[in-house]
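Here come two complexes built around subunit A, the first alongside subunit B, the second alongside subunit C.
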Partner chain A sequence: MKKVRGMRVIEYLLTVLVIVTLNFALPRAMPGDPFLIMSETEEDVVVLTEEQREYYFELYGLDKPITEQYVSYLGDLLRGDLGLSIYYNEDVSTIILRRLPWTLFLVISTVILRTIIGSLLGTISAWCRGNFFDQFLFFNLITISEIPAFITGLLILFVFSAMLGLFPLSGAMSHFTTYESLWEQIVDILHHAFLPIITLTLARLGGIYLLARNSVITVIQKDYLVTARAKGLSKGRILLRHILRNAMLPIVTRTFLSLGSLVGGAILVENVFNYPGLGLLMQEAVNVHDYTLIQGIFLVVALFVLVANLMADLIYKHLDPRIESQEQTTS
Partner chain B sequence: MNEDNQYLLEVNGLSVIYGSEDNKLKAVDGLSLQMKEGETIGVIGESGSGKSTLALAIMGLIKGGEIKGEIVYDGHDLVGLSEKELKEFRWQKVALVFQNSLEVLNPVLTIGEQIREPLQTHYDLSKKELEGRVIELLNLVGLNPEWRNHYPHNLSGGMRQRVLLAMALSCDPELLIIDEPTTALDPASKEEILQLLNKLQKRLGFAMLMISHDLGTIKELTSQVMTMYCGQVVEVGLTEKVFKDPLHPYTRGLLNSSPNLFKYKDLWGIEGEVSQGKGCAFSPRCCQSGENCNDSRPSLEYVALERMVACHKGGIEKFLEARDIKKTYRMKGKEVKAVKGVNLEIKSGEVVALVGKSGSGKSTVAHTLVGVKDFDEGEIYYRGKKVEDNWATKMIGGMQIVFQDPSSSISSRLRVLDAIKEPLDIIKWGNQEARKEKVVECLQKVQLPASKEFLDRYCHALSGGQRQRIAIARALVTEPKLLIADEITSSLDPSTQANLLRKLKALQNRAGFAMLYITHDLHLVRKIADKVCVMHGGEIVERGVSFEILENPKHGYTKKLLSNAFRSLI
Partner chain C sequence: MKLKFKRLRKRLITLLVISLLVFSLFGCGTEEAMDEQDVDLIDEAEEQVEVVRLEGGSDDGYPTPYAHYSRGPGAYKMNLIFDGLLERDEDGLVLWLAEDYEVSDDGRQYLFTIRNEVKWQDGEAMTAEDVKFTFEYSSEHPMVRTRVEPDEVEVEVKGDNQVLFTASEPNASLLYNLGRVPIIPKHIWEDVENPEDYLEEEAVIGTGPYRLADYSQEHGTYRFEAFEDFWGPRQNVKAIEFIPVSEDIMAFEQREIDLTRIGTDLLPRFEKQEGVEVVQRPAFWGYRLRFNMQDNAQLEDKELRQAISYALDLEDMVERDARGAGVPGSAGILPPDHVMYNPEVKNYGQNLDKAEELLVDLGYDQVNEDGIRYNEDGEKLCFDLFVRDSTIRLAEIMNEQLSELGINLSIRSEERQTHDNRLHNNDYQLIIHGGGGWGGDPDYLRERFMTSTDDEEYVDTQSLGYENQELNQLLEEQRYEVDQERREEIIFEIQELLAEDVPQIALYYPAGYTAYRADKYDGWMFMFDHHSLTHPKLSYLTRE
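Up next, the complex of A and B:
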């Protein structure tokens, strides 16, 4: 048991190291350099001379050999220092921390919404498997989830914000307003976040729905359901303790594992809705070749996925008593 | 229970049909069953005979199948009730111990919760009372209550069986249906579970419907038994009587396939496949199926008190019946009472061993049965017809005898061919060619050469063992249904003896061939006999099913005989 846990820790550490290394290498493999952009911007007539370029290279340590850069990068990371943004001239960690809550808000709301709605619809579908309602849900949800999120987003934005004017076109909060109460602020934030969250949820609903439907269908056919019926249990108890309790296992795993790709989806949707999260920041950073910022965002997203994985592991172990004994037998 | 209801459970003409219109499968086919309070009934049959479907049908758990007929529980017809209405009966009145597997318990709930669940649903108990009851139940089935916080996969098969039992007993059911309680358990746990079931049934007094293909379990735990084949009941009776004297060939086949009943006997499964036609479903596998067997389904009829059989022939056919045979030899004014009123019964497909020491009258009995010797008193019937004037031995498919001493029973002046062909010549069967073909066939059966050279050889030129085999071949040439074999293998070498007996055994299982096997060799008897009659001083002192006589002899003489024969083994 201890040995297995030890192995797990080593696994996670190795993964972190690989992520960090890739993170270090990828931006440097991109064509061009940040100071080229700075020197080529047409509106700002900040043209850098050769001396200035060299100065900046030295300032950011880009003139040193690659191994030295790597080692100092690792050292900085250990201290929690993600470096200085080249473009914004501000601490990367400060910038990310400012933007991160918005993305987390989007992603977490979406996860909760779509897991609940998807599982519910999937269960209903499985319950009346084969009849019209099941077929209706099946066809529509699969179709919707096949449409890329940004197209759905554009469509929704166009209809609800541009045409009907029900929701704001962009942003996370109304600018230049002072809120009279906390409640007013919350309403404003929800008002802004509503469409992005709906877009993301719609795009991600199909997968969970299908999984829930299959999972419930599988569980319904199990022998222990015959046992439950034989015992004369109530329908509610059978559904909750026997069907859903078992059917939720794969759903939980999938939910946590999909957090990573959900962040990816959020980046696209944030761009469509001009929502000030990490996604929008990333787009800006890529445009200006802001290495340190890009690295910082990548790292945060990667660690986020890793944490999600770890949570899935821990929660699953708690939900499925069979896992623990398997580990016992392997150790 | 209502006073005016005679039965706790009454199933009338129950059919469970699966599949679509053009591909119907009747898992249960017109089954009827009555059960009184506290009764124990066993249901036996091969896998797929519909036993488990019956259990599920009684509980109202059939999914996707059509149900016809009535299931009357305590005056209420359960067929067609909604899930909500069934709730009243499920578990509180009728509970089911499922066939043990990991799948029947919910893998993510503790066993405590799974035992508690029905109590929570059916009774209004406080948390503390529930906990107390769970502990009580686990103690009742002999499982440490500490296990209640564990999950099904933490438990061994035997422990899970106890959990299933505790779960089933939680609401004090009046009827407990138990599906295969001991399969996949090691012998020790199996024995424990059987003891436990026995004890609990006696203490709690619930009626028990026990489904199993393990006949040992059924024998120990039930007072009545029902044999199911293809969804139909083919035999019903008291367990003790059915096991001693099965009347349906299928029941007998099941008994013969059970190593725990006949410990030393050869195992013989039932060959063949199920009939799909309108006739008796068992007829292709039956050793006594006749023409009318394929015309219609036999119905379940009473053949004796508390005994029913579904067979066109009224159960396993009786080949030979001898009543009160008496024979006295008179020599020089001295009377020797050789046979003093012997009754004998041989059924189709049965090997009856007649054992006893020399001079006990065994051979005399054999000779009188086939009419070689007259008898003073008594009657003999072959297939229901009185035996007179040798008609039963003068036919194809009749009775034949093989004498003990081949040198005197086969004329040394005959050639092999003529010696074997003789019975056919007498009854003028077929032409010479056909008769010769038959002779060759029989020679092969007894492992003798069938060359022309051998056929033309004179019998006096053969060894004792060869002449014995010639005698057997001569008996087999008329394809007898019943063979009276008087020490026929004593002069054969072990290998030939084994081969011959296996051939006869195969004939017995396939064609219903029966044999009265007279011998001293109790080791052989233990291997081949279905029934044993022990003869001593002209009387049959003990008779019965071979496993009972050989395992547990009652008569002093039998005990002596057995201890002499098996001393070397003990």
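Up next, the complex of A and C:
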């Protein structure tokens, strides 16, 4: 068993190394350099002079041999130093840390909402399998989750903010105001986050719903349910203790595995709502060709996905003892 | 791939917004209520607008001359706080912190008289010493936007309130550059060693009409409030706020922001809307066709370049590529909105007969089965045209127009970085280069077309293989000519030479539309060399 764990650790470390190396190599494989700006689609850009370009080359160590750059890049990373942003003239890690909480807030709220609503609807659908209600849910949820999140977002934004005026059009909180109480501040932040979270939840609901539905359907057909029914247990008890508990396993794994793609979805949604998270930051970084910042964001997102995978691994083992015993028998 | 997706997404979003807006024409009950709310915002007794809200949401840096980010939005926010010796209005430079200036006959000395009653936003008096300090300090620590090179001028204080600048050589654009340097207070900055990292509250103390009242880096929000002891014209707007905006058109419709750029599609909707004014921005951005004449003997023939000019229908390009929101290129390069534009320059128009005549005279009198023209040596008129992926449509239109004449283009589209690298290395035959700054000091013509090989500094990379001694001489002359009228004459002549020689072709200058809520605030203006209503300081002040 220890051997298996060891293998796992090596697997993860290798993945990290590959990601870091790609992150290092890709921008450098592009023609030209980040400081060469000749054409622009926007107005008023300061084009650097040759001397300034040389200065930046030196500052970012781009004039050194590639192996030396790689070694110092790895060294910096180990110290948690993601480099200096070209455009913002500030540590990349500081900029990312300032924005990360907003994205995490969106993603975590969405995960919770989506898992609860998705599994609930999936269970109901499976319970009423084949009748109108099941078909209605099935069709609508699948359709909604096939629409890209930014279109759903824009529609929601238009209807609820622009037409009905129920929610703010953009941002994460009210500006130029002072809050009288912490409660008021929380309400304001939730008010601003509501539509982005709903958009993200809607866009990602289909997957969990389907999974829950299938999983419950499989469980319903199991022999131990016949036993449970025969024992005369109440419907609610059967549903909660016997069905949901057994059907939860794949849902939990899926929840963690999907964290990565949720961050991807959050990037689009943040742009629709101008929500100040990593996604918006990424768009800004791309706009101003800030390579160190783009690199930093990629790395953080990639590591986030890896950690989510690791958590899925661990939790699945914990929930389903069979996995552990299987590993034991193989080792 | 990512960029393509982004563009597609942007297009989809635009389409969606347009269709939603069309639907919304049929019912939106909130407008009346909004109107009432807005009326409250105008303080009638003083006729000052309480607050003007503009699109923000992306951080433009801390608005000091050292910490703002290099793009336009960062610079103009800083300019609300900091004043220069001169300011720009619709027609040119106007006196600002300087109440007067004199230029010596040899063009090397500039004597500025500084206003007496000017106060810093912390209550201290501003003096000629501050001006001297600013220039000395910034020659040691260059500001984000370097206006005056270190050692370009020497500064000394004369008497109580005069500052004398002595330049190492006469320079026509020096006045403009001297006038634009933001003056910083000596008592605050003299001990600051790393101005880029100086982000204290005192760092944003200037003499300008507005003070920074609130700034959030994370949310990209700024609030500027009128500075009560401002020396100059009264502020029309008490506060300017920059707020995050998800969809600018929607935010404008909802009165969250008071000004926005709009596409041609939305023009009819806003032009008719009561209380909304729509203006077309001056055309100070442009696409130009560049020739690499050094590596392509064919392109060295002036007549071939002229023939290409005759074959192009620039108005058609504006119509189809910019949907009418633009101005066809001038053969003299300077756009029609430029203060030194010469309206008399040769106008090529589209004239296929003339173009064909020129090509036949050059020897390209035969056409093969593919419709491509060639001469008796078998040299075909086939060229590679490089464009950025975002400019592909313009290239296709150009190809369509030139093919009528028997000129064949192979279009190669590339993403920005590859494209810019190609421009930098002159690795092309033909290339479409898009960029801004066309409204600026016409000395940029020297940077683009000066090709004298005597002096290394002027070996230009933009018009490789092109040389016209007369032009070189004029470009050199205008640089040192401080008599504005004489300089204008020279610039006019330069435009005529450029129009005749066609070393580059200005294709068109995009000029989009800006809509603003005139019922709330209508003091907006354009500076003579810039295309944004929100950037000029004078947009927020009382005008005579």
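As a convention for this text, the second predicted complex is superposed on the first by the 315 of 331 C-alpha atoms of A that agree within 3 Å, B and C clash if a C-alpha of one lies under 4 Å from a C-alpha of the other, contacts with A are read in each partner's own complex, and residues count from 1 in each chain.
Everything that follows uses one rule, which is that a contact is a pair of C-beta atoms (placed from the backbone, for glycine too) under 8 Å apart; a residue touches a chain by one contact, two chains touch by 3 or more.
As the structure is a computational prediction, the values presented were derived from the model and not from experiment.
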{"item": "First, second, both or neither for A:319, with subunit B first and subunit C second", "value": "first"}
{"item": "Which superposed partner A:241 touches (first subunit B, second subunit C, both, neither)", "value": "first"}
{"item": "Residue contacts with subunit A in the superposition, subunit B compared against subunit C", "value": "C"}
{"item": "Subunit B versus subunit C as contact partner of A:232, first or second or both or neither", "value": "first"}
{"item": "Complex contacts: residues of subunit A adjacent to subunit B", "value": "222-224, 226-235, 237, 241-242, 245-246, 249, 319-322, 325"}
{"item": "Residues of subunit B touching subunit A in the complex", "value": "56, 59, 61, 83, 86-92, 95-96, 98, 101, 103-109, 113, 117-118, 121-122, 151, 153-154, 167"}
{"item": "For the subunit C and subunit A complex, residues of the former touching the latter", "value": "2-3, 6, 9, 12-13, 16-17, 20, 24, 28, 30, 57-59, 61, 67, 69-72, 75, 144-145, 196, 214, 216-221, 223, 241, 243-247, 250-251, 253-254, 256, 285, 388, 390, 416-421, 423-424, 433-436, 531-532"}
{"item": "Residues of subunit A that touch subunit C when the two form their complex", "value": "30-32, 36-46, 87-89, 98-99, 150-151, 154-155, 157-158, 161-163, 165, 169-173, 175-176, 268, 272-274, 276, 284, 286, 288-289"}
